[in-house]
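Below you'll find the structures, each written out as structure tokens.
In what comes next, subunit A is part of two complexes: it sits with subunit B in the first one and with subunit C in the second one.
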Partner chain A sequence: MTDRGTYLYAVTRAPAVTPDVAALDNGTIRLVEHRDLVAVVSGVDLADYGEQGLRTHLEDIRWLERVARGHDAVVAAVAASGPVAPFRLATVFFDDVRMRARLDECYPALLRALERVEGRMEWSVKAVVPQVGEGGDVAADSPPPQLSGADYLARKRDAKQQREAAADRGAALGDTLHQTLSSTVVASRRLPAQDVRLTGHKGTMVLNAAYLVDNEAAQAFTDLVAELRSQNPEAVVEAHGPWPPYSFATLDDP
Partner chain B sequence: MTTPAVGSGAEARTGREISLVDLLDRLLGTGVVLAGDITISLSGVDLVEVKLHAIITSVRVDSEAES
Partner chain C sequence: MTEPVASSSGSGRAPAYGGASARPEPANLADILERVLDKGVIIAGDIRVNLLDIELLTIKIRLLIVSVDKAMEMGIDWWQHDPMLTSGEQGLAEENKRLRERVEALESGD
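Presenting the complex of A and B:
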């Protein structure tokens, strides 16, 4: 006999359809109605999803990926049939009663979150510019013998200035792209640049942002991204989506 | 890991597929943050930073193992 907890994926508005996707931990997706909200949950083993279990498992990239994908699959299925407020990964309660109590505390904020995202999806836009002076430091380690010391230092200083100027241009481009895009959408949020060790992108990520876009405006939004890309051939500008409104279904205003 | 990207011209390649990095950006960094019974002591920025550190470490270990 193991202790089971309640894993909360998302909240939507009643009436809701039980999503036809696999639940985490071999559980079964259930709908828990609370006033006019519906919590989408499944049972999980607290040995794995309790505090100690989570601490251990979250260090395991394969476990983390499996749970993140499973969570996302449920959220996406809910998003297909109504407004969705996705919860942070691994939001677990001891039982439905305690979850209801918590939902009740946040009820007005949850309603506002659902209103904010209804009929809208999230798009991601990233921009990467090439790194200037790549390999410059390597060359600086071994000055060519034909250069005098002063020439060598001047060259090193120039390279540093070029890198700094390029970094400023990149940052300005990121700001400009974001301003242009955010002026056309309902809401936007800049996220930290992603770690190159995770993405493997070549260059400097000058924009990593999320945009909340009306479903009817999705084509216009991707057209605008394409236009910005052709105006800035030096950068790699990519849009991804549409995704559930992860960055905008927050309990405070984004 | 592949991600759908907007293609050339005005064509947007759209799809459900989210790269793990993008997904974790969102599932750990944003979304509705409502303290569950379990996650109270794990919640907040610490969780994100600690876990991303773990991810970076394991990704690096994996890529070193492959090379």
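Presenting the complex of A and C:
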């Protein structure tokens, strides 16, 4: 019989309902009450979820994907019935007693986090503008015979200025979009741009942000994003959500 | 209870609240990893693992986990230099190159 540990997905406020969702590692979701909080946990095999096991498994993208999606599914299920403070992946304790002791240490901060996100969900908005070309028809090598050296350099300089102007416009657009959206929501957090070469977008990501939106205001929020998208046809502006409030249910007060 | 709301782009998650509507399609893995690896409540469990230190075989996924800024903070900046070297090794390579150049200069009698 291998050692079992307690895997912590999220914390919510009492009273809570056990979510009907699959647990990681073929376990069973259960609730652990601690004062006014309820921890949502399941048992995991420490051979896989202990230090050595995790170090090995986290190198396997298929394992990581399965566990990340499984973790998020539990968090989302908890969010369906109350305020939730999602935990980061792989928060594992040797047993429930040790987990409750740790939760007790940050008890007031956890309560504050839950208050902050109650009745609200997180929406992600990204905006991508197309990349301005590398000076279009100017050859990288020697200038074409009909162009003088001076003309060639002038073209290169103009192309560079165009790129810089486009970058400035893109950054300004990102700022404007963020200001507009932020003014309508409870809280917002601007995130670093994702590498667009990896996300599959072509261009420059000028906005990557998370917005904390009241549930009743969600439709208005997505309508606003749609309106901003139609106002800026050169940009791809997308909202994704709702997410549980990963970016806002944090222990540090914003 | 509010009405379920789909994301305006037409893709992404279904509402996590209010009812049993199935998700239209799985969320983008990059977006999930961005959240579960780097956001949420972070407290020290009994199992210590540095999630940002994952040496995944697929470089692509590594850069999905951290932003480029954060990767550079961690010393991952191979796209700026030799793709085979970390920035620590890059520093060593540059030093070696400088020393070799210096030796050549000395040997040629400067």
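In this section, the second predicted complex is superposed on the first by the 240 of 254 C-alpha atoms of A that agree within 3 Å, B and C clash if a C-alpha of one lies under 4 Å from a C-alpha of the other, contacts with A are read in each partner's own complex, and residues count from 1 in each chain.
Quick note on the criterion: a contact is a pair of C-beta atoms (placed from the backbone, for glycine too) under 8 Å apart; a residue touches a chain by one contact, two chains touch by 3 or more.
On a predicted model such as this, the values are computed, not experimentally measured, just so you know.
Of the two partner chains placed by the overlay, subunit B and subunit C both lie in contact with A:Y49. Once chain A of one complex is fitted onto chain A of the other, the partner contacts of A:A39 are absent, as it touches neither subunit B nor subunit C.
Of the two partner chains placed around the shared chain by superposition, subunit B and subunit C are both touched by A:L251. Applying the stated contact rule after C-alpha superposition, one finds that A:A193 touches subunit C and leaves subunit B untouched.
Using the contact criterion defined above for the overlaid structures, shared-chain residue A:E216 touches subunit C, although it does not reach subunit B.
Judged by the touch definition given at the top, the superposed model places A:S124 against both subunit B and subunit C.
With both structures placed on the common chain, the touch criterion links A:R88 to subunit B and to subunit C. Put simply, subunit A uses residues 5, 8, 11, 46, 49-51, 54-55, 58-59, 61, 64-65, 68-69, 71-72, 76, 85-94, 98-99, 102-103, 106, 110, 113, 124, 191-192, 194-195, 198-199, 218-219, 222-223, 225-226, 229, 238-243, 246-247, 249-251 to touch subunit B in one complex and subunit C in the other. Contacts from subunit C toward subunit A in the complex involve residues 2-3, 5-9, 11-13, 15-18, 26-49, 51, 54-58, 60-61, 63-64, 67-70. On subunit B, the positions that touch subunit A within their shared complex are 3-6, 9-12, 14, 16, 18-39, 41-43, 47, 50-52, 54-56, 58-60, 62. Against subunit B, the residues of subunit A that register as touching in their complex are 5, 8, 11, 46, 49-51, 54-55, 58-61, 64-65, 68-69, 71-72, 76, 85-94, 98-99, 102-103, 106, 110, 113, 124, 189, 191-192, 194-195, 197-199, 208, 210, 218-219, 222-223, 225-227, 229, 237-243, 246-251. Residues 5, 8, 11, 46, 49-51, 54-55, 58-59, 61, 64-65, 68-69, 71-72, 76-77, 79-81, 85-94, 98-99, 102-103, 106, 110, 113, 121, 123-124, 191-195, 198-199, 215-216, 218-219, 222-223, 225-226, 229, 238-244, 246-247, 249-251 of subunit A are the ones touching subunit C in the complex.
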